[in-house]
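Read through the structures below before going on.
Both complexes below contain subunit A, partnered by subunit B and then by subunit C.
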Partner chain A sequence: MQIRRLKTGGCIDRSKPIYFSFNNRLLDGYEGDTLASALLANNVSLVARSIKYHRPRGIISAGLEEPCALVACADEHGMMIPNLKTTEARLNKGLTARSQNCWPFVELDIGALLQMGSALLAVGFYYKTFMWPKDWWHRVYEKFIRRAAGQGRVTYDADKRLYDKKYAHCDTLVIGSGPTGIEAALSAAESGVSVILIEQDCVIGGSVLWEKTSTDSLTTIKLKQYKNLRFMVNTLAFGQYDHGLILAVEQNKKNVESIFWRIRAKSIVFATGATEQPLVFPGNDRPGIMLAAAVRQYIYRYAVIPGKRAFLAIADQQERELTEKALQVAGVEIVGSLGEGDQITGTSGWHRLRKVHLLNKKSISCDLICVSNGWISNAQLSAQMGDKQTFATSLEQRPNPQQHTGSAKAFVDLQNDVTRDDLALAVREGYSHIELAKRYTTVGMGTDQGKTSWPNAIVELERLSAQDSSRVGLTTFRPPVSPVSFGALVGVETGQRMVPIRRTPFHNAFEKAGCVFQTTGDWLYSRYFRVGKESMNDAILREVSAVRTSVGCVDMSTLGKVDVKGRDALEFLSRVYCNNIDGIKPGRLRYVLMLREDGILYDDGTVAQLADNHFLVTLTSANAGQSWRWLNKLLQLPWPDLDVQLTPVSDHWASLAIAGPQSRNLLADLNPNFEIDKTSFPFASVKQGLLDDDTPCRVFTVSFSGELSYEINVPAGFADQLFKRVLDKGAAYDISPYGLETLDALRIEKGHISVGTEIDGRTTAADLGLGKMVSTRKAFIGSSLLQRPVLQQPDRMQLVGLIPADGSSTIPAAAHLTDAPWQVGKTQTPLGRLTATVHSPTLGHSIALALLERGPQRINQKLWAVSPVEDKSVEVLVVGNCFYDVEGSRLHE
Partner chain B sequence: MLLIPCPNCGERDEIEFDYGGRAIQYPALNNSMSDWHMVLHQRDNSTETIEEFWYHQSGCECWFKVTRNLNTHEFES
Partner chain C sequence: MSNPLQISQQNMNGLWSIRANASHDLNSVSKGLFNQGIQFGEMLANDKLRLIQLWPDAAYLFSEQAELPPITNEFENMITDISHGFCTIKLTGENALTFVNNYCSADLAQSDITNQCLRTSLGHYQILIWWNNSDEVQLLVDRSYAHSLTDYLGALAHRN
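Then we have the complex of A and B:
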């Protein structure tokens, strides 16, 4: 029953009633209501309980500044959204809201209690039962209460609502659609520039809405005349960033929960209005104490009677007159007004204000106190970029009212329950600067961002510390101006949409072949291929055996590929790579190393010469993006004079390597239109042509496995066809496709280095036994700083291989190398660290690669691989870093 | 979020760019170890302006040098 609703007036539509539920009570309101105005219309004054003292709280304001009346609302999926301001939540059909900071039993019992006739009893139950006896608080109640503490509760369920993001640009952005904002938007639009006007409220108008009795519909019509003016309501500008960027959230949309806007404007007009400040006096938190302008807003905009008997505590005369007029319109009796020099010493009432007590011992019976302690400009957005002046000015212009003293708590921050006594304590402890007092007492740190608390806190701190405002200072304003949900900020980038998944051209064909995938970097890459119900280990054994004895095939498409052309292409590559590559001939390729500017090893790959002044460079998959960026940087910044064109062709090619003693026979079965015998197509070569099904191809003789190997590159669209033919023709050799696990086992058996394990940002080429590849007769990136003495030290960690001393123990992964077994409590200086370990399918025992101090000099020494994590020590024998076919003869068979 | 002036594309949003670090004057490759050391490792720590490299990664892929005021984030030409 809307017993507190005026018969006429207001910007509500009485022909459209809306039913909603509050604390399981069915209530009604009208279209145009906020939850707050509807609750007041239903004479609900007690809305929430305070965070610390669990005191009854009502509605203080009519806008974003609301510190008290926060509730939890259920969305259409039944998910509870905590901490919504009743003054901000638009009333819509089926809205289900609940008080927060409630004793859980009340929640459970609320239905039964409600049947006894009063929702207020349910709320009061907790206080009456648990506030006394007083000393029980610490001993008994607190531990229960703590469980119910905190502002609202979040759900653990995934958010099912849809959030979107959009961008906008304009010449002039006007924030706020009060009289000033509208004037600014219209005059900007008149001049022809593009204008966006954004308003946080659901209608245009700002203070016009409550200082007059109806919406000025003419304004909206006027705004619509301009094609270059766009206005958005329900849109909160919450952050200002560099170069005219405003972040805003648009809510109350039909199909999405919200739209997160990034608006870039050449100029911004902040017409964000001002916030009326409450008065600090004992008992100033009782439901029924309301900001004067909020009272006017409820009366004029929502046709709600906020009380029956009003007492006025308004310093400013004009403000008082406006409020008196509004109260008369609503038929509210004005029972008194705070006189000059008079003080409010306390209030009484429990769920609702009953009396106000004044200094002269007089008590006045009332259920509404209209308070105003002046206005503070809403300059948060401009202050975020460092402009504190607007705040300082509006603080100075505020009336400096009488201090109200009394025995009851006088709240400065109604959301965080910070009292004047708390601030006094802070000052006594030496925290009189607002930035310190704020952190000590939490004043102004609530979800309301202290909109109604920090100005009073500054005044109180000035008084308490007897310092002027310059010593007390101003707080720092940070986004968001008002809370924004994580969902709005995240948008649709959740779960799998957070990072895009890259799939190679072979993905679909692999899937059909029983491939088990895993993510490596951005890629979803083949891990192993399962046959029947075999385990991963069995699959790896089978795959390795196929490569070592017959033939296997593996996806190499993730390697970065760069096409390098131009008169100076060779010169460019020769500066980038540390190898001597000037002798390279068309049709041949080189294994190459790239160093950083400081001489540390950065990447390895191949350079293949396709024709005169035309090369194809491969980059490690993990470094592909970075290396591309790096090559461009060198070419554009220090060496723009070089005639070189770089083209990224990584995604153009599907690359399948066939590896194993039978790989040449398999290639022959694919029948390319070029010679592939040992002499005409030796190791480290490249040939281009067609396979017999007219698939264009480039074939490289490179090997990561140590076996004879051909890397067949075809345009990406031919991936399915190539894989199918390789499997068909390979069936005669019992071919097995293989994935990352086998690739890794094969490379460790061969002692090949890899980015991220051995190339770890600390090692040089010489450390990894590749010192001979570093040219001494040319300058290249890293050549100068590679000469640093620290990189020449003989005791550097160098690459070696390890095998278990007993020939069978499993070497623990990521272990350290020491000369004694691991013992708890005993300190040991590690001599080195393991970079890779695997159970070698070919050798039948555990092997490892390690970086070891003076490594090559320790070959045949015995050390301990210790893993404190696994609490394991295994004696190992230091060997060379190649475990299989040390001479490399299999590459040339 | 800065608006960064790409020499090819004009002012574009920062999310299109990749930071290229403090701008350096690359020594010749055969310059001495100490030349490279001074350029790479010995930097002044100005509080006023910084010369830096940016890479228009999601745009024209241009590398360029700008001067930015560290107090205001304004780009100086």
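Then we have the complex of A and C:
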């Protein structure tokens, strides 16, 4: 029953009652109410318990500066959303809300017993306690503290609500729809520019809402008449960034929970108003102590009287007069007012205010204290971009500064339970600057972001440390101005949509063939192919065996591919790659190495000559994007004179490699219209033509597996057709498609290098045994700095192979190489590290590639592969980095 | 809504990348196809061909046919077939352009985009957009991203 609702007035719709639940009590309000106004109308003053001392707390404000009245509300899916301010939550049908930080009830909270030990819970107590016994921290203290700490409880259920993210652009953005904001918006719209006016409240009007009985309906009409003016309510601007970017969140939308707006404006008007500040005095946290402007707002806007007997403690005379008038209009008895020289020494009451005590030992019975210590402008958005604020006058000159003249706690930060005594302790311990005091005491660090505490904190620190405000400093304002949910920030990008995912042209066909995929960078790539119910390990064994004994096929479409044309194409490639490639001819290709400018190996790939002045370059999947940008940059900056045209064709070509002793026979069965015998089509060649007279193709004789291999490239639209034919014809050879797991096992067996493992940003070509590929007769990128002494030292880490000394142990992954087994507490200097390890299906035991100091000189030496993580040491034998077909004869069969 | 938004994905018929070289600039090719030169940011179209230049030294030529239109041999070295490397995603329906504009970092409504084509980002996707009217917008995206982008656009449409 709304016993505190005035019979008339307010911007509420009394024809639309709304029923809601608070702590399992069924209450009612009206459309237009916030949860706070509805609770006050129902004479509910106790809403929550404070974070540390579990003191009873009520509603002190009417907006997003509310520090105390935080509740959890259930959404339409029944999920409890914690830490919502009652002053911001709009009342809607079926709303279910409950108090936080209390057990079992807000009226009877066991946590309130903590107040008995408040002397032990002074600020910073956790830096000085819970230290003994040492192992109790994990066993006892941490569990208890985690349970006790924090405000609301997060749910682990998935958030089923929909969120959206959009862009908007305008010439002028006006933030805030009070009188100033509206005038600015109308004035800008009249000049013809595009205008967006945003307002965080559900209606426009700003301070008009609590200084008049209703908004001026003409204002809305005026705003709507301009086609170039768009206004958005329920939209909070929470961050300002470079180049006129404002981030905002719009709520209460029809289809979605919220819309995250990125608004780019040529000019921005901040009409964000100001926030009233409370007074600091002993017992200033009882339910019933409210900001004066909030009281006026509840009376005028919501037709609610927050109390029946009001005491005024208002610094500014005009503010006092406005509040007196509002209380009189509402029929509230004014029982007293704080005069010159008066001070409040304390308050009484438990779940709600009963009395105020003054310095002259007078006590006045009241259930409402209207407080105001002036207003601070809401300049957080402009401060986020570095605008500095200063106080125009000394804070000591402000009316009625309150001194501590009572024994009760005087709260500076109502949300984080930070008292005057806490700040005094911080100053005694040397934390007198606001940034230090803030972090030590947590003043201003709650969900209200200190809107009603940081100015008072500076006043207190000034007084306590006897410094002026310039020495105390100001806090730094960072986005968001008010809390924003993670859902709003994420928008639609959840699950599979979190990042764009790339699929190769073979994806659908592979899926039907039983492929198990994994994400590799941007790509959804084939990991292995499951036949029946086999395990991954069984699949890998089968796939490797197929490649080594018959034929397999693997998707190579993720490799970067660049079409290079032009009169200077060969010169360009010769400068980019460190190999000698000037002798290349049409129809041939070279394996090439790209160095960074500092001589370190960056990428490997192939250059194939397709025709005169026409080449195709392949890049690794991992570096495709970066390398493409690098090649373009070279043509734009240092070499704009070269006549070279680059075209990315990575997605244009689908690439399927067939590998194994039967791969030539399989290629023949695909009916190419060109010769493929060993003489006509040797290793490191390329031919173009048709398969089966209908499928255009380019076929490259390259191998990553070490077996005879052909990479068949077809335009991507022919991928399904190619795969089907390869499987159909390959059935005669028991063909097995394979994925990344097998690809990796095969290349490790051959000692072939890979980006991210051996090419790790620290190794040179020589380190990896490829020093002979580096030209000594031309200049290329990296050639100068490659000669640095540090890159030429003989004791550098160099690539070797490792096998278990006993022939059977498993070499631990990511192990380090030392000359003795791992011992806890003993310092050992590693001689090297593993880059790759696998159980070799071909050899039947564990093998590894490693970078080892003076690696080639340690062949046949025994060392230890140690893994502190696995607490494992395995003795290994250093061997060459190729474990299979060292002569490479299988490539040329 | 009388004409709801529809999203459809199509493979390209003919798409070629044309790059300027030391012998010829893009204007030469454009004059050969459209009897007029082309500038950066411009789109030329007739009922069979569309030429869009959104790079300083490169343009894309679209065709309904898979074969390259008749063009003098001297330009062949400038042209590379990329038709299998891209997909178009067509959005049709009332306010299709407004829908796309809401999710692009660029402002499609600004007055200096007079040529109704743009290269920009939509979410994390790099796309090329062109449109003839506000009810039909075409997005060009790398083939490998097409499935992901179509799904993404569907999720956005669901929110509208």
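Keep in mind that, in the parts below, the second predicted complex is superposed on the first by the 776 of 893 C-alpha atoms of A that agree within 3 Å, B and C clash if a C-alpha of one lies under 4 Å from a C-alpha of the other, contacts with A are read in each partner's own complex, and residues count from 1 in each chain.
What we mean here is this: a contact is a pair of C-beta atoms (placed from the backbone, for glycine too) under 8 Å apart; a residue touches a chain by one contact, two chains touch by 3 or more.
Keep in mind that this is a model prediction, so the values were computed, not measured.
By the touch definition at the top of the document, which applies to A:Lys266: first (subunit B), second (subunit C), both, or neither?
neither
Taking the superposition on A as described, I'd like to know which of subunit B and subunit C A:Arg471 touches: first, second, both or neither.
Neither partner.
Looking at the overlay, what does A:Lys362 touch: subunit B (first), subunit C (second), both, or neither?
Neither: A:Lys362 stays clear of subunit B and subunit C.
A:Leu637 contacts which: subunit B (first), subunit C (second), both, neither?
A:Leu637 sits against subunit B, while subunit C stays out of touch.
I'd like to know which partner A:Arg428 touches here: subunit B for first, subunit C for second, both or neither.
neither
Between subunit B and subunit C, which makes contact with more of the residues in subunit A?
The partner that reaches more residues of subunit A in the superposed model: C.
Have a look at where A:Lys325 lands relative to subunit B and subunit C in the superposition and call it first, second, both or neither.
Touch partners of A:Lys325: none, neither subunit B nor subunit C.
Which residues of subunit A are in contact with subunit B in one complex and with subunit C in the other?
Residues 262, 264, which sit in both footprints.
Over in the complex, which subunit A residues touch subunit C? Could you list them?
162-169, 255-256, 262, 264, 492-493, 496-497, 499-505, 507, 523, 563, 565-567, 613-614, 643, 645-654, 715-718
Considering the complex alone, what residue numbers of subunit A touch subunit B?
241-245, 262, 264, 575, 597-598, 629, 632-633, 636-638, 779-781, 783-785, 787-788
Mind pulling up the subunit B residues that touch subunit A in the complex?
1-3, 13, 18, 20, 26-33, 35-37, 40, 53, 55, 57, 61-63, 65, 73
Subunit A touches which residues of subunit C in the complex?
For this pair, the touching residues of subunit C are 11, 17, 19-22, 77-78, 80-86, 101-105, 107, 109-110, 123-125, 142-145, 147-149, 151-152, 155-156, 158-160.
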